[in-house]
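These are the structures, in structure tokens.
Both complexes below contain chain A, partnered by chain B and then by chain C.
Right after this comes the complex of A and B.
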């Protein structure tokens, strides 16, 4: 059965509103499949523990495309298929390592709501935090469907 | 006092070498040609991505829903855009393991070679911004070029060490030359901190 489709409408959101938090476990499988299977990134620091340690890292760590994809998905899953991600900016801070029990908590807050060229837009502050601190901190712009 | 000065002197090496900006200035503003991808966009690429991201957006994987949508067919998640322009396994291992990178003549690769040779051989990505301009669909050919947008003129003292920020811009176009995404990317090229372990040996 197809999952229930939920759309968030522009009229129903307000500045200052927090999106519900979502968390993903950060383990070796997610890091390796994110790099190779999802984003075709064969840089060995994202799949070879030996290579990563030789380069001075304690372990393999998540590639940027996967971090970006997780954050984009978090926003799009909340907004529903009628919404459109227009822009996303991420500042990269501590890496996502597959340490025991590590997870990334994803959060977002609506910071602006406006209309432009027929689009009903919102801007959000976004963040993904792991057991070491902030992994990504940034912002995004989305177009939401309007009730009309 | 004189003795102290002698001690300090005995530990001071040659002055720290720093990158002369004029060595890289000619590359700022320069772009690579558009490079062809190894593969076209496919539904399976998209499904693999959605599986990892746990993304159940029906526009990406549900044919029936997508056909009735404003797009008329399945589209790719916009943040997936760079997937089709990365090195394949062979080129990636050549680049990262054997230091034999493809597209040596591209301005950004020339720039990184110069900066590396000046001792700034550490690298860390610090920020990325992407503007999604047009949807990507199965069957599309996504080509990309890289432009060197900016290089810091002077050294920055960062947590990683002394370094220079390099800003590059990616332009992604499809087979109809329509721009699908523009992205800016900032990396810090830094001098790995001096290895001081030998000072404590013996």
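Right after this comes the complex of A and C.
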């Protein structure tokens, strides 16, 4: 069965609305593949446990491009294929380590809804939390399709 | 150049730097697989915009031997002073035009700010360096401007 494709329309969302939470398991494969394979980041703190520990970290940890990409994907998968990401801003707090059972809970809340230059826009506060606390905190702007 | 001199590089921008390859399906697929986006939700001709920075990362080989651009000189000065770790801590991206399959990207990097002294951060002591990347396509259209803030440090101090 083909997966159902839902577009979220600008008219149907409200300021204050929370997006459904999604979670992603944080393991070594995700961290290493995210750094080297997806984002071309070869800093050894993202793939070598020995190196990371020698430099004072308890383990390897996720690079910012992977964290940012996971948050962007979370928004894009909620909004559907006709939405367009216009802006993202993220800051990292506690790292994503591949600790047994660790996961990142991704959340977003719509904080503004407006029209500009023919675009139907929303702004969102976004956050990703792991077993130690907030990992990524930021905001995003998306254009959503309108019913017209 | 040593650390006492690098503030003169703030505000200086590199020349255009060419991405190593044209935008290809395999680059996009690697990103999409990792992010687990459903295929039906992809516009397969367009790159996920948060991926843009992947075309500006240092290559594994050949290593660049001489720091010639302003941002390279800043990072080299920190490396030479023993601040060899580079960890991204903040990223602000604006996407103005889509990146399509086959596009040849170029980017310029401007040094926006450097901590005047070593600071305490959540990852330990170090210097914050903010760099503004301006990405363009082969037509000269700006596709994205991104401020990337990294921490240069000797050693990490983290809770676990």
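To be clear about the criterion, the second predicted complex is superposed on the first by the 146 of 148 C-alpha atoms of A that agree within 3 Å, B and C clash if a C-alpha of one lies under 4 Å from a C-alpha of the other, contacts with A are read in each partner's own complex, and residues count from 1 in each chain.
Going forward, contacts are C-beta pairs under 8 Å (C-beta built on N, C-alpha and C of every residue); 3 or more make two chains touch, one makes a residue touch a chain.
What you are looking at is a predicted structure, and each value in this text was computed from that prediction instead of being measured.
J.: Quick check for you: in the superposed arrangement, does A:147 touch first (chain B), second (chain C), both or neither?
T.: A:147 sits against neither chain B nor chain C.
J.: By the touch definition at the top of the document, which applies to A:87: first (chain B), second (chain C), both, or neither?
T.: It touches chain B and chain C both.
J.: Mind working out whether A:59 is in touch with chain B, chain C, both or neither, as first, second, both or neither?
T.: A:59: touches chain C, not chain B.
J.: Have a look at where A:68 lands relative to chain B and chain C in the superposition and call it first, second, both or neither.
T.: both
J.: Looking at A:132 after the superposition, I want to know if it touches chain B, chain C, both of them or none. Which is it: first, second, both, neither?
T.: A:132 sits against chain C, while chain B stays out of touch.
J.: Counting only touches as set out at the top, which of chain B and chain C does A:37 meet: first, second, both, neither?
T.: Both partners, chain B and chain C.
J.: Which chain, chain B or chain C, is in touch with more residues of chain A?
T.: After superposition, C is the partner touching more of chain A.
J.: Both chain B and chain C contact which residues of chain A?
T.: Shared contact residues on chain A (touching chain B in one complex, chain C in the other): 2-3, 5, 24, 30, 33-34, 37-43, 64-66, 68-70, 72-73, 76-77, 81, 85-92.
J.: Which residues, counting only chain C, touch chain A once they are in their complex?
T.: Touch list, chain C to chain A: 30-31, 33-38, 40-43, 48-51, 53-55, 57-60, 85-95, 122-124, 155-160.
J.: Help me check something: in the complex, which residues belonging to chain B touch chain A?
T.: Those residues of chain B that touch chain A are 48-49, 51-59, 62, 65, 69, 77-80, 82-84, 86-89, 92-93, 96-97, 124-132.
J.: What residues of chain A sit close enough to touch chain C in their complex?
T.: Those residues of chain A that touch chain C are 2-3, 5, 24, 30, 33-34, 37-43, 45, 52, 55-59, 61, 63-66, 68-70, 72-73, 76-77, 80-81, 85-95, 97, 99, 132.
J.: In the complex of these two chains, what residues of chain A are touching chain B?
T.: Going by the criterion above, the answer is residues 2-3, 5, 24, 30, 33-34, 37-44, 51, 64-66, 68-73, 76-77, 81, 84-92.
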